[in-house]
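Have a look at these structures, which come just after this line.
The two complexes that follow have chain A in common; it is paired with chain B in the first and with chain C in the second.
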Partner chain A sequence: MTERLRRFDILLIAGAFLLLLPVLKFQRATDFIIFCIFVLSFDLLYGYMGRLSFGHMLFLGAGAYGVTLFADRVSPNPYLSILFAIAAAAAVGALLGPIAVRTTGAAFALINLAFNQIGHFLALIAFARFTGGEDGMSAVFSKAGFLDLQDKRVAFGFCLACLLLTCWGMKRLTASPFGILLRMIKENETRVKFLGYDTFRYKWAAYVLSAAVAGFAGALSILNYGYVTPSFIDTNRNVEVIFASLIGGAGSIYGSLVGGVVFMTISNYLATYIPRWEMFLGLGLLLLVFRFRAGIWGMVSTLEVFRPRREGEGR
Partner chain B sequence: MSEPLLAVDAVDVAYGNAKVLHGVSLRVETGEMVFIAGRNGAGKTTLLKTIAGFMSPAAGAVRLEGGDLRGVRPENVARLGVRYVFQDKRVFSKLTVRENLELAAYPSGERLADVVARVVSVYPAMEKFLDGKAGALSGGQRQILLIGRALAGNPKILLIDEPTEGLAAGVIEDIFRLLSGMKGRLPMLIVEQNLPVVARLADRVYVMKEGKIFQELSSRAEIEAPGALEKNL
Partner chain C sequence: MITTLVYGLTIGGILYIISIGLSLTFGSMRIVNFAHALVYTMGAYFLVVILRVLGLGFLLSAAIATVAVLPVAAGIERFVIRRLYGESLDYAIIATYAVLLIGVDLIKWVFGATPIPLSDPIGRDVDLFGISFPLYRLLIIAMALSIHAGLYLFFKRAIVGKIVVAGLEDKDAVRSLGIDVDRHFAIVFLIGSGLAALGGVLYAPITSVHPYMGFQILLVSFAVVIVGGMGSLRGTFLSSFALGMVIALTGRYWGPAAETMVFAVMAVVLIFKPLDV
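The block that comes next holds the complex of A and B.
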């Protein structure tokens, strides 16, 4: 992306989501935004650190249940509830991270899937007394300050601001030495160790951050829908975020956003016209994997207008 | 007698049941440029990897300023000031040269600007490549970047594995000038098969054969003696 466009990218992202409004209703547009935040959280692990997780829904679920339980039992203040949800998801990440980040490849993916299964079981059965089990539970938030987040237009604006904040944070993070380090752990962890890094600590920190951002997305989902069910922690839904990341292009903030929007468009609208739309999604994914491994953004970013002027400009 | 900067004492190393180093001992004093010469398979790289903490000795000791390095993990060995420059000249190719240096500067707490200045001071031509992808560098430039990266955080000693391997004659001369410029300022233990380079730079040479130190040449006179290096290789 040219330097000028890059400088205003946060505004461009805001503009792009505002342009979706005439096509989508507020609640659906908010859904798109929240999913993009979730994809960004996943991309920190997969795109930047090179660890593919099959269990990222666990953290979305931790945030979703965290925000609901806090609003129900402690305070209906939405800001405090969201903060609690982020902390809850981060705590789950901090607890599981030391086990998960010691592994790579299939082991990492499956360990996360196992954790997700356990989380799903806990929400569905073991803690059904608190979570409402299969029926789930509703979340009611109070009006906080001048914002009434129950109003769908306000919720849209709030979630868009959250997305922009997440994008800004991710931009800073991925351009920082920490972000560079994560990318190099993906490229060659042994060499990173020889530079004097205890890579375990950095991988753990990235895992916790990724969990926290996913929890943030989970909390915002509840703000948008007003209820939580075990579907928010369902292991089967992990493919959604994986597909979105691959479609958009892993290891790029813009790729995550493009992937999030494209996947949501396909899953929301293709399903209206084609009963077994997943088959076409699968075929599309095969095409991506074999022909366009860098995803949509990967292809777009090779166009002249998006090409860096000098060799070496960051992603 | 005072403790040398780096001491390897009677080290045995094995890959599974296959013993590859047999009672290897050497030392590097402060300011010394020490070379290890030997044919392929003599155990030179294994020895460097053992010092760097990548492999554990089955017997013997590796000491840095008297402190035992056995069992210390590679990242901690690096943090203690032992920097290992790999043989294969693989840089972080997707990063810029500056980011490669930044990555090295970060754990050492040294400012990036200082690391960049140090690299440019030993190899001024690097300045124009700073914002280019490291993957676009030539083999010689990569080697220089790797050595420059290892200089971040004022290390106590550099371990360099075959710095001139696979490079053109002109580039070897660049590497030679770089090492020559650093000689006396920073202790180095270098594995090298290019004997003219060894003969011109070495303060001490260890010749390895079949996992053992076969010969030690510990003075310039011994090193420069005709055929001294060649006869035991």
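The block that comes next holds the complex of A and C.
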């Protein structure tokens, strides 16, 4: 049953996100979708390559500032701006990647944290003349082609298409030899080296790719909100994407989507009812680490109905 | 210029007192302990409470505040850290970060988010090379030096320290001698946490006390530990004073960049000295 479902999963994801519409406003639903793209980019590093980054907001911020600055200074065309933002985030990733991917575990997390802190400083203080510092700056996009992205409904459709594209790309990527190699690096990097692969190059490529997708998410957020502030590159917000990835289940596209939606639901709605939001987040993280490591999708996918039946399994 | 030097030494001293616990925890338990920042912040808040409520002198209050944090640290060790032995580093990072979030939110709940200023507890200046310095800062430098000497003797002479050093070298070999290594590591954790609280207490009068004071200093401490080498006493000592100098010198020319410069230095160090953790 699952195999057949899996063939149409892009359509199913689209349907599931359309179900959000009756409960949410368009802008909010778009926000959910964009966050899911961000979680997917994080999961490429954490779930597939096994590197926990504590500084992924840097790439989101690079994309967010990239799109705003391009729209402000060069051309208000939204497509060109988004492309520039992706390129900018990828460039940041390409620049920092060689330093970051040589490390593993704690050092990787901390180095990314440090990079993020530098980025935050650059956006907030050093380049405040260009970025507007604490106040941020607004981005105005022109109407390009037949789509008016200022219309929230069109923006929703556009972002949903972007999410589906990202999901499709991730699906292809993780099933490709490159994706399998990444998972091998997660399991045992030394053995991959033994097989003659230059793991550094693959890790670097994955890092740049993850940065680019995160930058994509950042650019789309600006499209949705219309202004950028240093909170898009705030170090302390890294825990959000980690939480989302864990709650959904790391190392799976569906897990990332579930985690993204669940986290956004919690942070948007529960936060209004629970005054001590950070404490709730902390307790949730502890619970996930000590009890439910597989996350929601990890638990769902172990249910009997969904387990793909393997050939030769005596049944 | 000499003022800047003394300022750098003060920051270096504080950084050393805070980072050494982080470094030892990592070296012994292989755990990156974000909850360290919580212990640091709590030390400062306990100091405020004791100064305000009990109205004791600064030195006595500082001592009580440092000791009062120890049960909290022991609780964190018992219920969170101990369950993370042998787990992947990622889970340890996430779990201790969660503890930090919970603790900081608790502090905000009880004390509110407004910064609490504290005045220089000694308020006397000393003349040195014709320039006057606050005595308190010189005291911090002296304290950091004596703590380093004390820790050095502890790991060199005391039997507990020797067991820890041996455990760092080869945990299984020490355990095969019938020694409970984890319990000794727990002692190291408590020493480190106590020092972090002391760092918070000592730094509180220089900056102000607020719930997020731990976050920023924690990042700098991580840089200290990475530059100095995780689990290395002397490395941490040298790198904290070096980075303290970096902060002071950068701060002299461009204030807001002071702490960011530390990360730039760290990145440069990592380019030439990749570390495998």
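A few comments on the model shown:
Following the convention adopted for this analysis, the second predicted complex is superposed on the first by the 309 of 315 C-alpha atoms of A that agree within 3 Å, B and C clash if a C-alpha of one lies under 4 Å from a C-alpha of the other, contacts with A are read in each partner's own complex, and residues count from 1 in each chain.
Assume contacts are C-beta pairs under 8 Å (C-beta built on N, C-alpha and C of every residue); 3 or more make two chains touch, one makes a residue touch a chain.
Keep in mind the model is a prediction, meaning the values are calculated, not measured.
Here chain B and chain C are compared by how many residues of chain A each touches, and C touches more. In the superposed pair of complexes, A:Q150 makes contact with neither chain B nor chain C.
Of the two partner chains, chain B is the only one that A:I180 touches; chain C does not reach it. Residue contacts after overlaying the shared chain place A:L195 against chain B, while chain C stays out of touching range.
In the superposed model, A:N77 makes contact with neither chain B nor chain C.
By the document's definition of touching, neither partner reaches A:N268: not chain B, not chain C. By the document's definition of touching, of the two partners only chain C reaches A:N236; chain B does not.
Across the complex, chain C is touched by residues 46, 52, 54, 99, 102-107, 109-111, 113-115, 117-118, 121, 125-126, 235-236, 239, 242, 246, 276-279, 281-286, 288-290, 293 of chain A. Chain B meets chain A in the complex at residues 52, 54, 73-76, 78-79, 83-84, 86, 90, 92-99, 102-104, 106-108, 131-133, 136, 149, 152-153.
Those residues of chain A whose C-beta lies close enough to touch chain B in the complex are 177, 180-181, 183-184, 187-188, 190-199, 310-314. Contacts from chain C toward chain A in the complex involve residues 26, 32, 80, 83, 88-91, 93-95, 97-102, 104-106, 108-109, 215, 219, 222-223, 226, 256-257, 259-260, 263-264, 266-267, 270-271, 274-277.
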